[in-house]
Each structure stands twice: as C-alpha cells, then as structure tokens.
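Per-chain residue numbering starts at 1, and chain names A, B, C and D are given in the order in which the chains are listed.
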Amino acid sequence: MAKTRPTHNAGLGEKYLDESKRLINKDGSFNLKRTGNPFQARSLYQWLTAISWPTFLGLMLLLYIFVNALFACGYLVIGIEQLSGVNQQTPRFWSAFYFSAQTLTTVGYGAMAPVGAWASMLAALEAFSGLTGFALVTGLLYGRFSKPSAKFLFSNNALIAPYKDGQSLQCRLVNVRSNIMMEVEANVLLSTLDKENGHRQYYNLNLETNFIQFFPLNWTLVHPLTEDSPLNKCSLESLENLDAEILIRVKGYDDTFGQTVHVRHSYKYNEIIHGARFQKVYESDAEGNTLLALNKIHDYELLD
Amino acid sequence: MAKTRPTHNAGLGEKYLDESKRLINKDGSFNLKRTGNPFQARSLYQWLTAISWPTFLGLMLLLYIFVNALFACGYLVIGIEQLSGVNQQTPRFWSAFYFSAQTLTTVGYGAMAPVGAWASMLAALEAFSGLTGFALVTGLLYGRFSKPSAKFLFSNNALIAPYKDGQSLQCRLVNVRSNIMMEVEANVLLSTLDKENGHRQYYNLNLETNFIQFFPLNWTLVHPLTEDSPLNKCSLESLENLDAEILIRVKGYDDTFGQTVHVRHSYKYNEIIHGARFQKVYESDAEGNTLLALNKIHDYELLD
Amino acid sequence: MAKTRPTHNAGLGEKYLDESKRLINKDGSFNLKRTGNPFQARSLYQWLTAISWPTFLGLMLLLYIFVNALFACGYLVIGIEQLSGVNQQTPRFWSAFYFSAQTLTTVGYGAMAPVGAWASMLAALEAFSGLTGFALVTGLLYGRFSKPSAKFLFSNNALIAPYKDGQSLQCRLVNVRSNIMMEVEANVLLSTLDKENGHRQYYNLNLETNFIQFFPLNWTLVHPLTEDSPLNKCSLESLENLDAEILIRVKGYDDTFGQTVHVRHSYKYNEIIHGARFQKVYESDAEGNTLLALNKIHDYELLD
Amino acid sequence: MAKTRPTHNAGLGEKYLDESKRLINKDGSFNLKRTGNPFQARSLYQWLTAISWPTFLGLMLLLYIFVNALFACGYLVIGIEQLSGVNQQTPRFWSAFYFSAQTLTTVGYGAMAPVGAWASMLAALEAFSGLTGFALVTGLLYGRFSKPSAKFLFSNNALIAPYKDGQSLQCRLVNVRSNIMMEVEANVLLSTLDKENGHRQYYNLNLETNFIQFFPLNWTLVHPLTEDSPLNKCSLESLENLDAEILIRVKGYDDTFGQTVHVRHSYKYNEIIHGARFQKVYESDAEGNTLLALNKIHDYELLD
C-alpha cells in the first residue's frame, strides 16, 4: 500500500468496528447501536414518519379502535340511558362503542344521541379529540410525504477497470426516480484496518470528476490508481487483509422537490472485481430516443 | 472552432443523444426515457403533485365515487335492512351508496343510520377511512402548493450581438412571477457533436457576469466571443455541422417562498441569430415608474 | 468622488429608474411595475399567502357563502320536496341554503335530509367538495404559517460617523423577533446617477465586518471612508447631485424555523446624517441582565 | 495569555454582559432580554410551535370551551326555542353549549337542530368557524412537527487534556437522536473580559478537525494549546480572572429530515477541568456490534 496520509475528517472512529462487519449498511445507515438512552433515541414523530405504510395505517386503525373503546367505557360508566336511540338487542358495550365511533369521526348520525348532561359533555370532548387526532394524522401524513424521495441505485460491484494508460477503481450510480437531479457531488473514502493494533484509518480517494452539473443519466465514479493513490498496487489479497471498505457519499439537489439529497453507499473488499469493465447502460430506440436501462446498471464484463 | 478543452463535469454522456434531438426540452426536462424499472420511476406522491389541477381533482372525485361504491356493496352484503330510514322507492344499491357517501364524508344526516351490529361496524370503519383519506388529500394539496413556483422566461432566440470591440453570444431572461429573486447565478455550456465518431463534447462558455445580487428586471447573459471562446469564429454553418446546443442553467433564491430555484434552458443552433441586438424591455410611464414589458423579452433587431 | 470601478453584478439596470425615486422601497420590494402579462405575475397560491389575515379570512367566508348559495340553487332546481324536514315557514331558498351549509361543513344534523335520488347525489358531491375545500384551506393556512418570519429593523438614518482616525458610513439593524439568527452576512452597494447621460452605476462598499456568527444584539454595519471608498470625500451636496442611494442586503440563518432569511433595505441621500454617532441600544438592569431596547435603534447624537 | 488578535465577527458586543453571567445558556439561547417592543418579539405562530405539548393541547381545549360558550350565548340571545329537541330538564345554557359543541365539531347528531332562521344562520357560521379553526390547528401541529429535531448532547465539562507532545482543550458531543447527521462543522470562540475597562474580547480557537463527513459516533473537539493559541499557558486562575467562556457552534445536515441543524453550547471557566482525559464512550458487544453508550459521554478520568 502506497504511503499516503490518512484523513481525519471522516468522523468514524479508529476503533469503530470489528473486522468483517460493514461500516455502512446496504440501506445507507451506519452499523451501530445506541445504549444508555433508549427512549430519546428517536422522536415519536420521526418513528411514525419512518415506518412502512402498512404499519403506519395499521397503527392508526388500532389507535382508533383503542380510543373508541376507551370513550365507550366512559359512556358505560356514565350510564347508557343517557344516550337516546340505543338498540336494546345490541350488547351495551357495542352500542356505546358505535356511538363513540360516530362521535370521534364526527359522523354523528343522531340515531343515537346524547341526552343527559354528562354524556353530552363527554361527547363534546370526544368530538374535539377526534378532530385534533385527525389533525395530528394529517401532519404525520404530510411529514411522511415530504421526506426526501430521490433514490440512487449503485452498481452491485466496484471494478478495478482500465483507465487511460493505467487502472482505476470504478463504480456507477443512477437516479432511479425521474426526479431531476442537479449539482451532484461525490466523495469517496477508503477505510482500512490495521489488524495488529486494531486501528482503523480513512483515506480520501480522489475522483477524476467529483461534481456534475446535471444527472439525467448514469454517473461512473472513477478513481485513477495513480502513484499517490492509497490503493496503488493493492492486490485483492491485500484488500482483504486490510478489511478494506470503500465508503461513498453523494449529495445533489433534487429540483423536483427543492431538496438537497444525501446518499451513502459502501463496497466491502469482496465486492470489488479486479480486471473488469462496465457495460453500456443506455441505448437508442428506433426513433433516436435515448433509453436508460436501469436494470443494466450492474452489468460488467471480465477482461483478460 | 478554437482549441479549448472540453469540460468533464456536464454529467451528460458522450453518446447521450442522436443528432437533431434536443438535449434539454423546452420545459427544462431532459430528452431521455427510462426502461427496466417503469414502476419505481416515479413515486405516487410525486406523480400526484405533478399532474394538472383538473386531472388531480378529477382523480380525487373518481376515487371518492369508487370507494363509496365499494362500501355500498359492503352494506348490501351485510343487508340493507341493517340501515334504518331507507327509502323503499330508491334502488337498494343507490340507498347504500348515498348512506356510504354520508358516512365517508362524515356528514351523517341520520335520516339513514346503521342499526345492526355489522352495519355499525362497517360505518365506523368507513368514517375512519374517510377522515384518513381526506387527511391524505390535505397532505397532497400542500405538497402541490409548496413546490417551487418561480418561473423564468427566456428569449426565444440567442443572438450573436456586438459587444465592446467584438462580438458576443447573448440571451436574456426575466422572472415572470412577482416573486423577489436574489443571488441569481448562471452557467452556460456548449454541446457539440463530432459527426465522424458520434462523440459529444461539452465546453464551458464564460459569462461577463455570472452572478447578480438582485433580479427585479431582465438579465442579459453575455458570453464574449474572445479568442479563447470555444465559439470564436464559428459561422452559422459550422454550428449546424457541430449540431451545437447551448445549455443554460440558472439558479437563484426565491425570497418570497424561501426556496432555491433551478431552471434549465437550451438553444439549438437554429435558434441562434447572427448579427442582431436585443431591444429595450423596460420603459418609464408618465409618473416616472419603471414598467417591465414581459412580452418584449423576445424582441430583437437585425443589424447590417 | 474617488475613482473606483463600478460593479456589474448588482442586477439593476443602468437606466433602471428616474431621479428621485427609490430603487428599494421601505418594505424591501423593488420600485417596479410589470406589464404585458398581468395574469401570470402572481400565482393564486402566492397571493393567498401574502394577503393580510382579515382579508384572507374574509375571502374564505365570502367563498363559503357563495358556494353555499350555489348549491342551494341546485337543490331548488332539483326541487325542495326532495329534502325531508323542511320548515314550511322559512323561504325555500333559505331552507336550501341552510341545508347546503349543513352539508358543505359535514355537520349534517339530519333534521333536514335528502330523500330523493338527485338531492342525495348532489349532497354527496357537496360534502366531498366541502372536505376538499377545507383541505385546500388547511394547505393555504400552513403556507401562510411557514413563510419566513424573521423581521429586521434598520435605523431610520445612516450616519457619517467618526471611525478610528477617519470617518465611516454606518447604519445599524436589530432582529425584532426573538428568533435566534446565526451566520448573518451583509452586503452594501452605492447606487449613483450620472445626470448628464442618465446612467446609473453601482459600487460595492466594503464593510469592516460583513459576517457575524451570532446575532442576538444589534449589528452596526461600518463602511470606513478610506481612500479607495467610492464615498471618499463626498459632501452632502455631491450625494444629492449623484441621486445617491445606499442598497443593503442582509441574509442570515433563522435557527428557530430552519430557514435562510433575506432582507433588503436602502437609504436615500437625504436619509444620511453627516457628523453624528449612534447611541447605545442595550443596557443592564439591576440584576445584571442585558436589556436590548429596540425602540432606541434609531437614536443618534450630532457631533460638533 | 498569548498575544493573539481578537476576532470581530462574533456578533456579540464588547459590553454584552456583566461578569459571572453566561453568554450562552444551557439550552442554547442567549442571555438577553428585549425591551421596547414586547408585542412583536414573538409571532403568535412561533410561540404556539415552541410551547410544550401539554401546554399546547391544554390551550387548544380551553379555546374550544371558550368558543363553544361564546356561540352558546349567541343561541341563547337568539332564543333557545329556535332549536328543536332541547331537553327541558337541562339548564338552557348547557343545552345551547352542547348544541354549540355538536356544531363546532360538525358532529351534528341532529337530536338538537336549528329550526329558526337566525339559529340556522349562526349554526352555518359556527360550523364554518369550526372547520377553519381545526384547519389552523392542523397547520400548527405540522409546524410543531417539522421543526428541526436533532439534539446534540455535550459533555458536562471541557478538559485540558494531553495531546501529542503538549496539551489541548477538549470537549465532546454526541447525536442523541438516531437521525443520520452528515457534514458536521464546529466553530469555537473564547470570550474574555478585561475587568479593568469592562470590555469583552472574542478569540477564535482553531480545531485540529473542524469538519467531519459523517457523525454516527461521538465527536471530540480538540483545540491544541500551541504557541499561538489564545489559551496558551493559561492557568485555571487566569481563566477565572478573565471570566472566560468557551462558545461552541456546531452545524450539520440532518439527512433524516433534510434540514440543516445549528447547535450552540458554552463552557464557563469553572466547567473546564485541568489535567483530565475523556473515557471511552463506545464498546463492542459479544457479537462484535458497536454500542454507543450515551450516558458515558460525560465521563473523564483525572491524570496526575
């Protein structure tokens, strides 16, 4: 490995991680657990905007049933006779539950209605709770909508590919969504582990081009293996010995939503292919239109 | 064409496009189709915030009718006799449909009301769905509202106009909306095609001023055709032979909405007029006020 | 006036304005009217978020009454006999209007209720319109809330005040709101008019400090009148002859709302006081707390 | 104290504060009161998004009761006989209040309903007010949700700790929330007071690393006490004599919410420990996972 100076601004610790674990997971998160304050680790709002749609909607439904049942118990305690129009054949709890649901959602048919003072009071409170609750849900829904939505797809492998007269480390990415991305910037780090003392080091890998003005197509990140590259003359075995991981950070401006988007990705040493070349990812159709074939982003061919 | 070095950070491929197609369409999008993952190409949310208002409202109405009909079928399956107050002269489906609409919107007149347990249960679910659905619509509507709204108008043509002792490439733009724009920055690229090998190159075109602090009036972008300009001594014919396209990127801060706005535009070789000069776009009225005449932004006069 | 080179990046034209008009109005807008496309000049959304609260709420109420009346006419056309529970003593239009209001707001008491098919259909449509309409209002209200809200107050006058061994042009500003502002940056331009040919020029005025990290107190902008200042040795009369206007642009990060805020201000030549000094704007109370007296921001004392 | 030049861009005044008060409070706010315009100091919206959840919800409930009571008085003035279905045993005010609540929330059972013209009119107005009011609440709730939510925890003490061959000032911070933070930048100032003339000075303290690309773990800010450090050879007593306060400003990009987050913190002279070293804050579990123990962020050990 060439003698280059490690960088100190990675923000990842010297003893961050044991060998064989990834620093950056495939979903862009860091391989890390927090202890000592489990309750503050996530705000409730953050959690509710991060969970999947089925989970979110299921939770909302459960909460609706729970709150309904709670108020139903309230009406039972007050006395079901304070409600008019109660069907005598229905169990009392269910009558109270249906009335409660009609109040919480403010549908208020009126076939059942509060007649006594306490039931009227509780119904007024429940309708208020219902509207406030659905206002909360509206805020949560917009919070879910407005999260950055651009999605970059990285090639499965990084390649050691020919470049000019020498070699280069290459990987490529594409914008999966049709969001228009602009001013995209990439930054690549090499993380290595000194197995003797267990210390991790981080090295910047210079890119031929680390900024592009437009990003409508795929972008191939190219790190030339020049003399001063920390990867110069690394063999596959030495990468494994160093527990090497290539850390990639890309940021760009999503013009569709007016948001800056950050993406993280990493390649472990065993995801780097030596002596290969990426295949073309876009082609023309009969009318001369350019077609970007997203499913070909991973394709490469081995060289002799 | 002068010997200047192409730029590598355009982000547009060497073989991006066949001759005679535009790189950047008139609406600022790129001339590109995606294949291989049609379903992920746009998030549903993105699509729903991008479609026109009539389409959006029409879709919402269709969805409303569809969901109403679905729940109406539910009430029919349960049995219409679980609803009180049903008009015997109305077809049963329509009675169920009207009841469903009254529940989904939570209007709940109560002239019809659920009496049986199953109908009450379904009605409680429908009112919940209705409120959640309209909370979704609220989020979508705000998503539509909050999209960047500034709109720049470019002159129809770029001109080769006199400038100091020589010539320059000029185009001009104006902020159509009354949004207050500040810190506006422009960036101009020339795209050329080598017809022999089909390779595209991109060249930066330096501007006399590429940043303005305020943007209340029109802005004329001026690229002087100095010796080191890639456009130096280009004739109209050579521009056509090169399949030249001028790519323009403008970004600015919209102070009215607190958003950074990006705009793209391009001029194909046949939209460049040689030997012309832009005409004045603003004038004074009788009281000395400055009037900006947006419809004159395209006007130029031919020179001898 | 010292021989300094004008700046070309103001973005304000050479013939922008007649003498005696301000370039920047007291509210930060530019003194400019647009012609030629009055309809696109403002989006409806932008206008609805910019009008005052009484105007906004008044408009919403008027719209509510108008839509109610429209649907009321619909029920009259269909026939009021398709509604049950209509009070025979009330004029028919008003019965329809009240029913319409009860439907549009989804209050739906049910004392009046649709019985016929067409009235049921129209009521289903009206309740949908009502919910969609209030979803729109919700979006508009949040749009009004989320607009940048920081508010800077500038001193009424700029001063020519002593500074070190010489003189300086000074003005000061304060953050009126208790928003926490950070990373505040200021930029000052001098605009002058050559009365012979009617051309305007713009000159950068360098500040002693043009960036502050925190902005909890007042900030005095100081332009030293050094030899290379365009204002060097200007007398009051020459400022008037030049129709001088000092244009100020301040931007900062509002940490309370996570927004970047831009502010514009200007001083005309007759708002510049020669030979004066600002008075202290903050003081200590008995407990040693610092009090910022916003109403003293304008106070200065004349010097001999 | 070494002879280094103070910085002028702190934005904090020379006479900002008496001795013994903090410049920056523990919650990141500045130790400052405003006078002279108490009413504009905070917008109502800002205040409503800043108060605690119990206060906010309590206020909303009080407002609901108040508005209900107001409209109830309206119905009493019009005459309770314009409402049908009023329970004669309930006091008239409470009947009007319950009807009002049923209208404001649009639950509208219809057991009570307006029959007279004036009551119908007022009910139409109240339902409109209710929907508009809950639209306002929705906007407020989303305003509360969307405020920057990242939360950094600083060590209780700053340390004078060994560093390379010399000493350094160190403190450390951690991201409490599981938000993914990137591109984090720190800036440290020393504030000192000249007790003779009461003037405050501010000095930049250079950091070994003032920018990190990722922030998944803790970050130790290290200011080496080199010869040109303003803190060089300061003893504990001299720090007290100078009323020293270390002001820290950290900003970073919160990728989870797409927001830039700013944080302020400070250490007074008596919070600086001489001759100590921070203890490890993360550890590995049995499976090789890295655990970040947030409660250990404050732990240090004294050195001989």
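Quick note on the criterion: a contact is a pair of C-beta atoms (placed from the backbone, for glycine too) under 8 Å apart; a residue touches a chain by one contact, two chains touch by 3 or more.
Predicted model only: the values in this text are computed from it and were never measured.
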Quiz item: Which chain's centre, taken as the mean of its Cα atoms, is farthest from the centre of chain A?
Solution: C
Quiz item: Same or different: do the copies chain C and chain D touch each other through matching residue numbers, with over half of them shared?
Solution: different
Quiz prompt | Inter-chain centre distance, chain A versus chain C - centres from mean C-alpha coordinates, in Å | solution = 37
Practice problem: Indicate the whole-number Å distance between the mean C-alpha point of chain A and the mean C-alpha point of chain B. | Solution: 26
Quiz item: Considering chain D alone, which of its residues make contact with at least two other chains?
Solution: 102, 106-110, 112, 130, 138, 142, 146
Self-check item: chain B-touching residues of chain C, taken from the complex the two chains share
Solution: 8-13, 15-18, 20-21, 28-37, 40-43, 45-46, 50, 84, 102-103, 106-110, 112-115, 117, 120-121, 123-124, 127-128, 130-132, 135-136, 138-140, 142-143, 146-148, 187, 189, 249, 259-262, 264
Quiz item: Which of the residues in chain B end up touching chain D in this complex?
Solution: 106, 108-110, 138
Practice problem: Give every residue of chain C touching chain D within the complex, in rising order. | Solution: 57, 60-61, 64, 68, 87, 90, 94, 97-98, 101-102, 105-112, 130, 134, 137-138, 141-142, 144-146, 149, 151, 176-180, 182, 184, 208-209, 211-217, 219, 253, 255-258, 282, 284-285, 288-296
